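In what follows, structures are represented as structure tokens.
What follows is chain A paired twice: with chain B in the first complex and chain C in the second.
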Partner chain A sequence: MIVIRDMSYSWGQDKPLFEHLDITISANKSILLTGDNGAGKSTLLRLIIGALQPNSGSITYNEIDTYRPQCPLFAEAFYLSQNTTENLVGISPFEDLSIWLMAQPPIVERHELEPLLDSFGVADLAHQPIAHLSTGEKRLVSLCMLPQLMHKYWILDEPFAGLDAINRKRLLELIIAKQKLHRGLILVSHDVDTLTHLMDETWEIRDRSLSRSL
Partner chain B sequence: MHPLTLIAVVVWITSLSLVVDSLLTLGGLLIISVLMAIFLSGDYGQRLGHRLVKLLPLFISVFILQVIFRKGDVALLDLGWLRISRSGVLAGLQICIRFATIICSASAMVKLNYNDFRIAFSAIRLPEEIAFMVSYVIHFVPLLEERFRQSLATVRRRGVKIESLHYKDKIQLYKALTIAVLAGILSKSGLQAIALELRGFRSVGKPTKYFQQRVGLKDSLVYYVMIILSLIILGKHQSYL
Partner chain C sequence: MLQIIDLAVSFSSPVEGDSSAQIFRNLSFDFEPGNIYAIRGSNGSGKTTLLNTLANIIPEHIKAEKYGHVYWNGILLNDTPLKEMYHYVSYQMADPDHQIFFPTIESEIIYAPENLGLSHDAIETRLEASLQRFQLSSIRSKDAAKLSVGQKKIVLFAVLNALDSPIILLDEPSSGLSGTSLRMLTEWLLELKASGKLIIIADHKSEILALADHSIDMDRLQGQGL
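Let's turn to the complex of A and B:
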């Protein structure tokens, strides 16, 4: 459970983004986070995962501030950035997936890596340099591990951006399958019409605060 | 201040730090470069102390190597198998201060963007291509550091505890990240070159913005101070003239 208490954050001194925000994110709820461009959706996710530190207040996971290196959030959660380059490490998609072999506790076996790339139809790109892939292809590669991460809490920033119809459907099916397992997720998207009825809650960021609808 | 003045000051400091041997003068140059880095490079300068602390093992290694292997007349310590000479200690200190000075003064240029280099180099009639190359090289190291830090964060977010990895896995991980980060940046430089071409890079005729910034009174003052200080410092150390 992630708890946000009286949290304020601003970019510089004259651009307050959130003021005195109080939220509790439970581990088994699916949440759609929406808002206008620049409202602070991605920033809120980055605050939640501890990539940014709040100006005041706290964001904790198991009562440990998420920006502290010792916070165990990523033993239980998976974050996918809006920036596709940020999600991938290594020279090729195969090397990127190989790094998952080092995760503790183990998530995947070596022989499962190539089939994972096939789950989003990018097996033929396995040994291509990541730098030569298109934004859409990078997005698909970064989504390939999702079937192995159903047990984790997903924090996904615009995962549908740049996907074609077939892969959108694949991702939607994964999200539905995850909900059947009662494992939570928070996802940022502008596609409110499609996603609202699939999610437990919809949160909208507007005027430096958060409004919820069930 | 004209960007050329800042570049000139950085070149002046780094050149003098290589020529001069006096610890006092080297210390003075280091102080100037630290102040420049703090006041001219914003956040990057603020984090300079942290960066220098990270480089401390390197400084210490260089110092120890100089102290152990540099032979000299006056022995500060002589154990038979180990002889530490005064000139060894001095050489170690000089190299460390020079290294720190070069890092700090180069940090002062981090905030200069491509257009600043274009303006600076056009003032001395150097081609735009050189401005692009210099600008890219200056920003290369901070960019490399930023990307590497980002990659490490991505790896940690996958539940990989880097500190507890086996030594062999650690090397494999760092190798994979370093090559990927380097390849990514080099590949991006190709795309940036194409983007510049599309925006009329090297097109005929000089844009008027080249003429907007002229060398002013402040710049002239800086140049005079540099010339006077150079004459004083080099005059004191005539052996280097």
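Let's turn to the complex of A and C:
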């Protein structure tokens, strides 16, 4: 359970994005986060994963502030930024996935890496430089680890952006499979029509606050 | 009219032993002003490559083998240096971070009309119109680099609007836009069309594809002519 209590946040001297926000996120619920451009959706995800620290109030997981390195959320969650280049650190897709070989406890083995790229149809790009991939292809590579991470809490910022119809369907199927396992996720998307029926809850950021509909 | 004749683009593969990748070849097409053209296709089918080719980013900035001819009203655009292309083409790229440089939204918008050598008053008029058109007036002195991805896209639409070039290329303009912003985009596109602009859009969203008068399917083009 992630607990947000009396949390306020603003970028520098700007108007606050959130004021006195109180909300609890249960680890087995799927949540769609929506809101106008600039409302603070990406910022809220970064606050939750602990990449940002609230100006006041707190965001805790197991009663530890998420921005502290010792918070276990960092190990138990998987965060994908909206900016695909932030998600990919390897020179090639294969090398990027190889970083997971260092995960503790181990999640994959070396011979399993290349087949992972099949899950989003990009196996033929395994050894291409990531810099040569299109925006959509980079997004697909960044999603390829998801089937191995069904046990983690997903925090996904616009994962559907730029996906073609086949890959959209692949990601939707993964999300449905994850819900059957009762493992939670929070994702940002503007595709409210499709996702709102699928997800347990829809949250909208409006006027520095969150409204939720079940 | 924008006319492309026997256009072909291929990248030489960086991986040893791989043959070069042909993105498309023998592509011939006439684009008429006052129309919206959608470039459709699966991820990696070459939508961005086609836009980059029309904008001359290929091959001047991104190295590739490029063959064929691109004419705008009889002017051969192939050999036009990138720095001169703004007379003909404005281009919103998929990643807004590639295109935002200035410390404020205002200065970002002003840069394009300044390059056109317009008078101070004309620049002011275009700036105010663009700020108002895209509801940016209240945040005009904010640093565009610190905005969210969706807001950066809107700033780029405002830049393109101020540049007022006859050909407008948009790469995934709808991705990351909320419902309100998407409506703002579609209204703007219909206005551009009505004012006789030639608009070429690569996108996946049905609301955008529905606006197109014609579409080019990159999946059907792979390795063959149109």
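Definition applied: the second predicted complex is superposed on the first by the 213 of 214 C-alpha atoms of A that agree within 3 Å, B and C clash if a C-alpha of one lies under 4 Å from a C-alpha of the other, contacts with A are read in each partner's own complex, and residues count from 1 in each chain.
In the analysis below, a residue touches a chain if its C-beta (ideal position, glycine included) is under 8 Å from a C-beta of that chain, and two chains touch if they have at least 3 such contacts.
For clarity, every value in this text was computed on a predicted model and none was experimentally measured.
Q: Under the stated touch criterion, which partner chain does A:H190 make contact with: chain B (first), chain C (second), both, or neither?
A: In the superposition, A:H190 touches chain C alone.
Q: Have a look at where A:Y79 lands relative to chain B and chain C in the superposition and call it first, second, both or neither.
A: A:Y79 contacts chain B only, not chain C.
Q: Just checking: does A:S134 make contact with chain B only, chain C only, both, or neither of them? Give me first, second, both or neither.
A: Touch status of A:S134: second partner only.
Q: First (chain B), second (chain C), both or neither: which does A:A161 touch?
A: second
Q: Now for A:G90: first (chain B), second (chain C), both, or neither, which partner does it touch?
A: After superposing on A, A:G90 lies in contact with chain B but is clear of chain C.
Q: Who touches more of chain A, chain B or chain C?
A: Of chain B and chain C, C contacts more residues of chain A.
Q: What is the contact status of A:S42 with respect to chain B (first) and chain C (second): first, second, both, or neither?
A: Only chain C; A:S42 stays clear of chain B.
Q: Give one of first, second, both or neither to describe whether A:A103 is in contact with chain B, with chain C, with both, or with none.
A: A:A103: touches chain B, not chain C.
Q: Intersection of chain A residues contacting chain B with those contacting chain C?
A: Residues 85, 129, 132, which sit in both footprints.
Q: Which residues of chain B touch chain A once you look at their complex with the stated criterion?
A: Listed in rising order, the residues are 150-151, 153-161, 164-165, 169, 173, 176-177, 179-180, 183-184, 187-188.
Q: For chain C, which residues are in contact with chain A within the complex?
A: 11, 13-15, 41-44, 47-49, 94-95, 97, 142, 146-151, 153-154, 171-172, 175-182, 204
Q: Which part of chain A faces chain B closely enough to touch in the complex?
A: 49, 51, 74-75, 78-79, 85-91, 95, 98-100, 102-105, 107, 129-132
Q: Where on chain A is chain C touching in the complex?
A: Its residues touching chain C are 11, 14, 34-39, 41-43, 82-83, 85, 122, 125, 127-129, 132-137, 139-140, 158, 161-168, 190, 192.
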